[in-house]
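Shared between the two complexes below is subunit A, which has subunit B as its partner in the first and subunit C in the second.
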Partner chain A sequence: MDAPTRAQTEAGIPAQGARQRRPDAIRPDDLRAEGEPWTWLLGGALALGIVMVLGLLLLVAWNGATTFWPRPIEVVTLTDGSRIAGEPVRSQAFRPGPQIIAELPPGIRARIAADGGIADRTLYRTGNYDLYGDDFRWVPDFQRSAAERPGDMVLIERLEWGVFVGRIVGFTHDGERTTTGDPRNPALEAAYRAARARWAEIRRIERGEIGTVNHHLEAERLRLRRVLLGDHPPAEREAAERRFAAEEPRLTAAYQRLAAAAQRLRAENARDTIILQEIGGREVTLPLSAVVRLVRANDMTLTEKIGVYLSRWWEFLSEEPREANTEGGILPAIFGTAAMTLLLVIAVAPFGVVTALYLREYARQGRITAFVRISVNNLAGVPSIVYGVFGLGFFAYIVGASIDRLFFPEKLPSPTFGTGGLLWASLTLALLTVPVVIVATEEALAAVPRSMREGSLACGASKWQTIRNIVLPRAMPGIMTGLILAMARGAGEVAPLMLVGVVKLAPELPIDGFFPFVHLERSFMHLGFHIYDVGFQSRNSEAGKPMVFVTTLLLLALIFLMNIGAILVRNRLKRRFQGSQF
Partner chain B sequence: MSATTIIERPAEGATVYHPKTSEAAPAVSVRGFSLWYGAKQALFDNTIDIQSGMVTALIGPSGCGKSTLLRSLNRMNDLIDGIRMTGSISLMGDDIYAPAADVIALRKRMGMVFQKPNPFPMSIFENVAYPLRVDGVRDRRIVQETVERSLRGAALWEEAKDRLNESALGLSGGQQQRLCIARAIAGDPEVLLMDEPCSALDPIATAKIEELIDNLRGQYTIIIVTHSMSQAGRVSDNTAFMYLGRIIEYGETSTVFTQPRVQRTQEYVTGRFG
Partner chain C sequence: MKKRTLLIGGGAALGVALAGFRSRALAQAVQVDPELPVYAPVAGISGTLKSIGSDTLNNLMTLWAEGFQAAYPNVRIEIEGKGSSTAPPALIAGTAQFGPMSRPMNQREIDAFQQRFGYPPSAIRGAVDALAVYVHKDNPIRSMTMQQVDAVFSKTRRGGHPTAINTWGQLGLTGEWANRPISLYGRNSASGTYGYFKEVALFNGDYRDEVKEQPGSSTVVQGVASDIAGIGYSGIGYKTADVRSVPLAARPGAEAFDATAENAYAGDYPISRFLYIYVNVNPTQPLDPLRREFIRYVYSRQGQEATIRDGYFPVPNAIATEDLRSKRII
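After this line comes the complex of A and B, so read on.
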């Protein structure tokens, strides 16, 4: 018991007498008298909650931040004489099956039996999926006879087939073969840089220039089709056909010229290869241009390691995914998430605020408004997947299909707005989050002091002038809080998005250089869905695991950043009204 | 006026009117005005003429309906749900509760100062300019002149002229209340309604406001609700004593205070109840 209470008791607080009269009364030195057990319970619950949240954040942050750090490659000699090479990922205890134990030498068998049938094993990321049919391999400790870290082992990230782990045997430049095992060979480095530059140029031609030509060709085709579909006079039809007949060969020629340029570069690239050898001795020849990154895993200074770490992060943030999303970057997903959340706020803010304004300021308070309020609150409890179904059925199949029939008949039967897309996903989420905004706005409006409204009205302001000049600015911080909550909920929602426009891979960003620059009808990628896809839908869940953590970290960071931004805006608004409480 | 006998029990609903000594015409005329909040009646058949250019005080114990009467004059009570009234109120002969009456135009003719200072969360300048802004006045010269004239009128110009663009919320309570008065007179009203304007202020600030009311006398018809007998005695020309929703006695302040004819009034002004 703490000191003040004892002091009170000694000071002769009348509770002494009360205790004698009523034996069942709570004594003043009883814990219950101050409600202390409840305080402890509440404090404990809070502490538990904080520990769980911090633990989750730490887990995600640690796993996410260490994923890209280069790890050493171990070459392990097994008891049967064969060797494997790979990055040790993690170790664990396991219980070998009876068949395995039966084949073991008696000494090891006795040791496992002494440990209660449990042995240790280590997971190695061996790479070389094209050769082994798997990226990872478990090695039980009783099969290991020796392990070393030779300095010439390299880890090569390639465009296809995941990483390669092994040694460099040599390389060819312009068809001439040089034999070298040294990854630092200057001729090799020069050839590699040239090959990568050509590769980037090919990509620029194919994505940028050929993409533009294709876009114009498609536009011409659609223009012609549009004229032919409508009831235009024959003269116009002929003019359109003539125009198409003139444009098509010009664009096709441009396409062929560009394609030929790309083909030349490809042919050059095919002459520069790197010859690699995996630990078992098999040789693999790889075009130098397909090498994304060459990591001398066992022979690096700290600076070089940091360089690899940062370059991997940069690739992750600025590139498109490859290899079924388990490698490369996630720029389209970051972009899609941010764009969708912004659109969601743009859609939900006016809608929610106007609704709340009418409900609170104009509608007569009665049964109907009460019913509307209950309905709005209930909307907040509807499972999000239901909104997804509604969004698909209403926005995409009804509204979108009508838009297609009216404005894009030339593209049918392939839908433009008649399928899931960025706009419909944002509107679906806006619908999902609008109750939050309505409730928050109503409360903010109700909290504006009556004296403010009266002061304005007494100056001869109309109701709308009062709302616009006095009530809305005063309620703005509260409204912003509602929007922040809506944003946080919307950005983390995945289930409804799977129905209304999120896809596994959409390298085309919703914003590009072609009119009208913002393509709200396009399907997009989303970090939340990306986590699900990489972690649970890819061919190799072990390879996807680090990506899950990094992507989660990024999603959290993105939501955090957007919330911080909104909170800063809100605090600036709040400061303007400081001291106005009286 | 000679000493009159105290009327013990006035007839039900009857108001005792002392003879007027000023010839000023009525600015606001209330005729048989009753008001109900839902089923509860708050004002009972009140009739009073507020003389133009003079300061009229409404006094009475808490809950007697003096604020309700004041707020009926510029239809502030319209904001309350379930309110109902009978009788009529006219401002310079215009019936303010006529179906065709423009409530916004009416409020522009009547400035109002509230119990607690309620400056808007804007700059001092914008607070005073607010009535012009809602009127759609765009001419910067007119706005500036009006703001200066109003602040001078509210005796705030000297203190505020160097900080016109600072937030009004940084002013002291008394300054805020004078700012509210400046705001009320910026719209150039005919009548100034003051609902206990000093109840939230310290004595020095109160003295300043009272001095200000004295200066505004003659320019505006001022109706002030006050709890303080001494304040009513200091600032007002006429006084109406209200009790339980009725105007009991109305006349020149000195007469009502020194020679009341109703016992309730006498008890109240001498501090025996209230």
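After this line comes the complex of A and C, so read on.
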């Protein structure tokens, strides 16, 4: 062929004839000659992509991993003689305004002028919100006359009011006061451990035992209400009322006994206090049981620092949130995310696979199937919030409200299924991700060689037997890939969930010891929404920032783990069918 | 509308009493009215407590719910906060027992409620908020009048300021600030803060199109914190070290007051407001124990301490008693 084809010219591949005709044509050793510029472009795009993804991951991982590392406490003496204490958080350069500069002594003024009008300042986390009314403070360098890190400064994480920064003055045990400034005082440590043990015991009584009593009481109340609501004969109504009249005092007495036990422990706890002093000299008395963690920030060995670090991580992973989600742990969110994703897979797998099977294996390929395919592909492009609106309107308000009227009339007007919940959220996300599964399954089915089906049919197997024993197992790895994609998309989705069941705070897990054990109607917490909530809705966005990074890190880890799990399953399946190839 | 600025006699007296507590070196946190009762749990409270409504009150509801749950371990809590406008539909549909709102319900919402139930919804005044106008921490502005605030945020200027204010120089700043354009941050229209600010600070005018609408109160503060020329409004509870609240004067020439508890109680700070929780209380029936106890908890010493923990101001005992009486809880 003499003239270069259109495709060759476009791809930069010179044809023989072209080179002979044009003296300025590309030489064969030129990079462009082999289509190399395109390879470079592709490689460059890949490198850029990897750099961006890695950069993001590293940013999240670094910020997330360092959040819980104990930081030193600095005591700063200001030029006006007052002192503040706090963890230095970050520093920045700034340009002090003319009003500020005018009030400064000449020496400092000259120094700032020499630096081009720029000075540095540091943000300190001073804590003690109950005393100061704020918990962060910027200190410009020119206001700082001295900074030190005294060994007796402690950071105390409290159940309420955030952290306390200051010194220990003493403690009371059984009402007896001991004066000590030493955080390592063995008597203090023993009293602290005892108080925390009592606190855990109170929690066990309240959550476990009182919880059970209250649950039974509520169940009795609902049983009575159910009978009274329905049109039962008077004898039955009276029997129900008698039963309630007999049960109620018994349960109330049990409650009172348990409450009294908890109250006794509380009274004991009230006698064990720790007396603290902030840097300005004001004293605070705190029950020892309200101290979550006592960190001797400036006086710790590496092992102790690692201990604090790990114990903070453990608290984060295994506890409920405190103080409007800004402290404590995120166990309910981890659990909610995992449970929702699992339910989503359980719902989406059969639907998607069955649809794809019918479309590919049974349906007559014609205009209607083509139309269905196009519709499925279009579904994948619908914005996720639309699914949320649909889920709320259809699942919660129509299906859920009917379920409530039929099965839970005694609880109305409080809705049971008639509002967002775990089940509705999973189903909504299943709808959202079903196109992914259908498309992937269809592709996998199409990839099974025709010869295998024909072989099976020739041996006398029916169509269903062929699909069941030959086609489906071979297509399984492809189907699993579809499910993995669906799962990853579902776990990272937040917008539709905000409408159908994810809430800011729902500390109770959807699983407990009461029948029916799994409570799919409950609202739940979700890591993705938690990130949004802590990052953009918490009182102090400065304090919330580190939690955002930690939670993001955790969400990434969770999705990563689930994907790894699914990939392992897929690889096992793949291996199993490797030997059976023709 | 003028008398929307707060409170009754007891509040003013509390403000005066509070002034004595302030320490010189460091700002002193607000104190709770010592007359408020300490909450004592009663037997047999359980069930689900669901609240849907204001984003401003989101954290406060959470703190209350956490405290309430500490007293009643197996009350189930679910809290959702996407804006005050989501509260009335939730109360009407019965999907929530509590509807926190950062503004009073408007007539249309009350009518819709009344049409469904035959009686109006009941409001609980749970906390006091001073709606603060925030600027970047390096912004040297000393104070603003309400008319200036209106001229900055609105395009209608019903407040009566003669010209639109576009640069910081027009607010009296000099030097590098003189030509710096003002960058506006605000809330989205589902928010009660949006509605209240429009009513009081914009004199019912319209927001400018340049206002960057944010999904949450905290986002407004973060926006202003990262934008040196920024200005925005949010509840005082969301203040951080990176922003400064501007003292406001009701009229040109009048004294400017900062967004503190005393000024809010005394009614000196021009945009202070109550934060409400709306409840469906049937006047012919007693309130169910769960809701009754939650309301009692809100008006207890522990409950009002939570308002301080969230950065808002507590209500005095006089208001608590009045609201509890009107709901026939005490």
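Note that the second predicted complex is superposed on the first by the 552 of 582 C-alpha atoms of A that agree within 3 Å, B and C clash if a C-alpha of one lies under 4 Å from a C-alpha of the other, contacts with A are read in each partner's own complex, and residues count from 1 in each chain.
What we mean here is this: a contact is a pair of C-beta atoms (placed from the backbone, for glycine too) under 8 Å apart; a residue touches a chain by one contact, two chains touch by 3 or more.
Keep in mind that this is a model prediction, so the values were computed, not measured.
After superposition onto subunit A, the partners subunit B and subunit C occupy separate space and fit alongside each other. Looking at the superposed arrangement, the partner reaching more residues of subunit A, out of subunit B and subunit C, is C.
Once chain A of one complex is fitted onto chain A of the other, the partner contacts of A:S462 are limited to subunit B, with no touch recorded for subunit C. Contact with subunit B, but none with subunit C, is seen for A:E454 once the two complexes are overlaid on the shared chain.
In the superposed model, A:P473 lies in contact with subunit B only, and not with subunit C. When the two complexes are overlaid on their common chain A, residue A:Q365 makes contact with subunit B while staying clear of subunit C. Of the two partner chains placed by the overlay, only subunit C lies in contact with A:S538; subunit B stays clear of it. Rounded to the nearest 10, the angle made at the CA centre of subunit A by the CA centres of subunit B and subunit C in the overlaid structures is 140 degrees. Applying the stated contact rule after C-alpha superposition, one finds that A:E74 touches neither subunit B nor subunit C.
Fitting both structures onto chain A leaves subunit B and subunit C with a minimum C-alpha separation of 52 Å. With the contact threshold set out at the top, not one residue of subunit A is in contact with subunit B in one structure and with subunit C in the other.
Of all residues in subunit C, only 23, 25-30, 41, 43-48, 50, 55, 58-60, 62-63, 65-66, 69, 72-74, 76-82, 93-95, 97, 137-138, 140, 174-176, 215-219, 221-222, 225, 237-242, 308-311 touch subunit A in the complex they form.
Residue ranges on subunit B touching subunit A, taken from their complex, read 74, 76, 79, 81, 104-105, 107-108, 110-112, 114, 116-121, 130-131, 133-135, 167, 169-170, 180, 183-184, 187, 193.
Here subunit A touches subunit B in the complex through residues 365, 449, 451-462, 465, 469-470, 473-474, 576-580, 582, going by the rule given at the top. Per the touch definition, subunit A reaches subunit C in the complex via residues 82, 94-100, 123, 129-134, 136-138, 160-161, 203, 206-207, 210-211, 214-215, 217-218, 251-252, 255-256, 259, 280, 322-325, 397, 412-415, 418-419, 498, 503-508, 522-523, 535-542, 544.
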